[in-house]
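Note that chain A is present in both complexes that follow, paired respectively with chain B and with chain C.
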Partner chain A sequence: MSQTLTSPEGLSRTRVRIDYDRLLNTIGAWTLALLWAAPLLYAIWTAFHPAAYEANFDLFAPITLENFEKAWAAAPFARYFLNTTLLVTMILIGQFVLCTLAAYAFARFTFPGSNFLFALVLLQLLVMPDILIVENYKMIRTLGLIDTIAAIGLPYMASGFGIFLLRQTFKTIPMELDEAARVEGASPLGVLWRVYVPLAKPTYLAYGLVSVSHHWNNFLWPLIITNSVETRPVTVGLSIFAAIDSGVEWSVINAATLMTSGPLLIAFLLFQRQFVQSFMRAGIK
Partner chain B sequence: MKSIFKSVTLAASAAALSLGTLASAQAVELEFYFPVAVGGKAAQTIEELTNTYMEQHPDVEIDAIYAGSYQDTVSKALTAARGGNPPQLSVILSVDMFTLIEEDVIVAFDDIANSAEDKEWLNSFYPAFMENSQTGGKTYGIPFQRSTPVLYWNKEAFAEAGLDPEKAPANWDEMVEFGQKLVKKDENGNVTQWGVRIPSSGFPYWLFQGLTTQNGVILANSDGNQTNFDDPKVVEALQYLVDLSTKHEVMAPGIIEWGSTPKAFFEGNTAMMWTSTGNLTNVRDNAPFDFGVAMLPANERRGAPTGGGNFYIFKDSTDEQKEASVDFVKWITAPKQAAKWSMATGYVAPSPAAWETDEMKAYVADFPQALVAREQLEHAVAELSTYQNQRITRIFNDALHAAITGEQSPEEALKDAQAQADRILADYR
Partner chain C sequence: MTKRLQWVYGWLLLFPAMVMLMAFTHYPALTTVFNSFFSTPRGRREAKFVGLRNYETLINDPTFWKVLTNNLWYALATIPASIFLSLLMALWVNDRLKGRSLVRMSFFAPTVLPLIAVANIWLFFYTPGFGLIDQIRMGFFGLPQNSWLGSQDTVLICMMVVTIWKEAGFFMIFYLAALQTIPPSLREAAAIEGASRTTFFWRVTFPLLMPTTLFVSINAVINSFRMVDHIFTMTGGGPDNASSLLLFYIYEVAFKFWDTAYAATLTVVLLALLSLIALGQFFFMDRKVHYR
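Now for the complex of A and B:
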């Protein structure tokens, strides 16, 4: 490349072109970022100001926490937060264990019917979970688990997406490392634990983020399978603000939304660098 | 908590058994799903009412379960019923009656309660509400959280525009005429105050049904298998709605949000609005000006749809549970409880007797606007409800949106909608 840029004229032309590219890139990135952030910024603005300023922007509008007080009092959110935290933790642990073992089997062992079984796992990716609600309900009822936190999580633990993602990651890990560990006398599970899992860390992080945010936001299934305050997640608490027969109070809704998505947003901002890197690594490989 | 409560009742009933004072040891347990569609204290009021009932009836234990919006509640109830674990009773939209019958998950009230006294009870509600609750000579729903759309107007804006602040438009022409006087523009020609606001987002068919009823046409038959979407009178009603924005310029063009309509009214963005009586309490608390409530304007006749939810009793329960459910429904829709519910939420008390209670009389004396809904019931008709209700209303809503946004002429849009509805409903004739 540097050899072709002998004349100063060519150099400056290239630079102009690069700047133009970069400019477009920057403008594009900013536009997308602003579009993405606009609802969030609006939510923050309305949540901290009295309802009268929902539709009028006034820089000196009084700041208030009243909306948060109202939202917090509208439903037992403390309990709901606890339930959601338990739920996403349980699902994540279940998914990590099940998906790791299944992915390892599909990636590194040959056994009769393995391709067929893997095709079945992939098939799960094509089926919308909502279609299975009635079947899942029947199964949970047979297990006698209706109205428990476990019931919300169980259908999601054997995740086809997780198995697929981890299998692909495990396949990229050089066989030499595997063999070296075996020569040292590691058992198959030992190899998994000492070689595969540590090397797949970025994938775990990326998948964990997707899983947690998905289940944090899940609404319909938890609503259907649970009945009591002791088991319901925050999204159910949030839904009482969607009162269509009377008017919608945007300031309170936005306060409630910020409150319920707050922990996720904060976690994402704190670990942003790690997340972005894991996505890059998990994706590039 | 629930299990503790259960074991306490168990222990208590065991003790009672040993004393030989109670004939039936096991309390009847009922699961009751309810949706919440108004802000404020609706959920709390329901829980208070069920608790009061349980105190008075120690042999019945009701688990009142919040089930989300109307749509969520019907999903939850149908899933539970298909999964073999239905609730004993639930409040679900009155328009979902045909769906619930088709799924074969509910029983008619007359099948459980058929004494002379029960018949009298079934006849004690406003007929307008019962239109959506009965089919084939049987009563499947008991009206509970029912509403009807009314016209709210800003008296101050009326006075400012030189109109009589105490008089709402009585008919379609007057609404246009008043609207034209009420429209205010700033120096750039932008409208700062519209004449009227008829929201059209989400479920436009409901308010539009006000217009069709006023134009003397019914959208669907009572068997729920025939629609009249392309009737010339329906087309005329839709043309009127479209004209409000395009020809008369008294209403903002395009789709108008349902949820932000009260807000627009409070902020003087519009001088009149059409919306549910479920908004009464909200408007009373938040309107910074004197407001009036009136029946929707008339054309050929007065008219409005009813709306909201009914009590349904589910099939797959013991006879004991069904009887207990009917008893509970009787109690909660009885005048005293119905009045309490109506005052807390703004829903229309479903029986004339409820309006005769002292509490309700005191309430309307203080807040006469609440009476308008009751008076309008005389002119009200059943909300659009058919078999395959969700699909049919979706088709109809899409047609209304196409006409409102100008994609299709009202006539074309409604012809298409009728053809699609015919294809679906042909199986049910």
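Now for the complex of A and C:
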């Protein structure tokens, strides 16, 4: 390569080789991308065309919204969406409050047992509530909360991941800012609210996006704990819709599938850059 | 602030989160172990201490062994495959590539879609005769139709494909983040020294990515025991438990057969397996991880 910097023949030879290399890489990347997008593209195709075009890819097939109308009418999706929205909002608020307080304690206070308690928090990254379905069901039954939206959210409120993430962020905030606010007479909670929370906004955004998309998509726990239309989130609603009516057309099921993923998908398309960056930020440890 | 006041504030701030964490993670984990030594309470009959009887049942339960084997194969296939693909995706997307953002979007999209919803789409892909895969097989290659999800030989592989498709794009993000922290001066230096792209990757990029690989592989391990949503829609664990995984079996035992003590015993196995693998991975990988 050092030759190529000086000799013109070397330069052109390298360029030809690199272009060849790049071409292969581009083809590879695009092939994989196409494969990866295929299920979604296919779902969009069937959802917007009449059932006759399910496996018949005619470029001039008529476009219709009939499948969405059918799906919407066949199950109480409006109620499911309301439930999911309530659920996701509730979890997000709960997580923000609980994790902020705990992260603040771990980041800026020295007290006996803090290391041990932090280890307990980290343990949740491995042993998630998702796995402890049997005992958590008993716990919710003891609390008398079976078949409520609160019951779906409760096990996820104190999130080990959230506490860890916010603690890391709080630790990077200079002590001088903290001290300056205290000199002006702010209480510890006042400092948290006026100094730490505003400076950690990007982390909140990142964690919020991860949390919302995770709980919007969650299925197993809500399936166990809910058994009525008034509490079911969209994921459980969709699974019941697709299972009961085994005679339902694929195009209608796909329309329902798109509908349930729709809000997240649209948000993702609009805020793609922020989304990817948020996930990246959340992943940096 | 006095030392004593620091203590009080620390504990008070921590209190609400700790109560919730204990109530839904630590306490249930402990009672899981505890209940695995008791019988399932039924009607008026209370749970009574049975010692290791649940574990005897477990050892003699062919379904348990089948499900465990399935899950190990499932882990063994999905973990390396999704890590390899995610690294490849990240390298491509990090490079100057035509239509990079579109490619990145396509890789990442499965991450934001509910697994239970996309399982419907995959279900159609696998439908014998009528589904997309068979249409291509029959149309282009003249092969006979195949019941992908109906055969014990192929059903687990079909589920693995869905899992890899779902999680690779998610792991790509972490690699992408790590790749962007590698200073460009390293690449320039390597180019001056005459290192090829392959050498550069194996000698510089790959070792620097080791912490990310550790993080991603722990996540992949956890996922391989946790991602069971698509089984509900696609196979229900069948045929003959060929596509059932440990967590799905726990769900069936607990909420279909209502044998909660045996479900707790199965959960103990899952917990033991998770901690064992995580510990092993940590110690094994730790020596190879290059920390800056």
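What we mean here is this: the second predicted complex is superposed on the first by the 220 of 285 C-alpha atoms of A that agree within 3 Å, B and C clash if a C-alpha of one lies under 4 Å from a C-alpha of the other, contacts with A are read in each partner's own complex, and residues count from 1 in each chain.
Following the convention adopted for this analysis, a residue touches a chain if its C-beta (ideal position, glycine included) is under 8 Å from a C-beta of that chain, and two chains touch if they have at least 3 such contacts.
Nothing here was measured: the structure is a model prediction, and the numbers come from that model.
Looking at the shared chain after the overlay, A:157 reaches chain C, while chain B stays out of its contact range. Looking at the shared chain after the overlay, A:206 reaches neither chain B nor chain C. The larger set of touched chain A residues comes from C, when the choice is between chain B and chain C. In the superposed model, A:137 makes contact with both chain B and chain C.
By the touch criterion stated above, A:104 is placed in contact with chain C alone, chain B being left untouched. Of the two partner chains placed by superposition, chain B and chain C are both touched by A:220. Judged by the touch definition given at the top, the superposed model places A:91 against neither chain B nor chain C. Touch criterion met: A:146 reaches chain B, while chain C stays clear of it.
In the superposed model, A:240 makes contact with chain B only, not with chain C.
Contacts of A:249 after superposition on the shared chain: chain B is touched, whereas chain C is not.
In the superposition on chain A, the residues of chain A contacting both chain B and chain C are 55, 133-134, 137-138, 220, 223-224, 239, 242-243, 250.
Taken together, the chain C residues at the contact with chain A in this complex read 1, 3, 6-7, 9-11, 13-14, 16-29, 31-32, 35, 85, 88-89, 92-93, 95, 97-99, 101-118, 120-122, 124-125, 130, 132, 135, 165, 169-170, 173-174, 176-177, 180, 191-192, 194-195, 197, 215, 222, 225-226, 228-229, 232-233, 247, 250-251, 254-255, 260, 263-264, 267, 270-271, 274-275, 278.
Residues 54-55, 133-134, 137-138, 141, 146-147, 220, 223-224, 227-230, 236, 239-250 of chain A touch chain B in their complex. On the chain A side of its complex with chain C, the touching residues are 1-2, 21, 25-26, 28-30, 32-34, 36-37, 39-40, 42-43, 55, 97-99, 101-102, 104-106, 109-112, 114, 117, 120-121, 123-124, 126-139, 154-155, 157-158, 160, 163, 188, 213, 216-217, 219-220, 223-224, 234-235, 238-239, 242-243, 250, 253-254, 257, 260-261, 264-265, 268-269, 272, 275-276, 279-281, 283-285.
Chain contact summary for the complex, chain B toward chain A: residues 1-2, 31, 36-40, 42-43, 63, 65-69, 72, 75-76, 79-80, 82-85, 147, 202, 258-263, 267, 276, 278-279, 281-282, 286, 308, 346.
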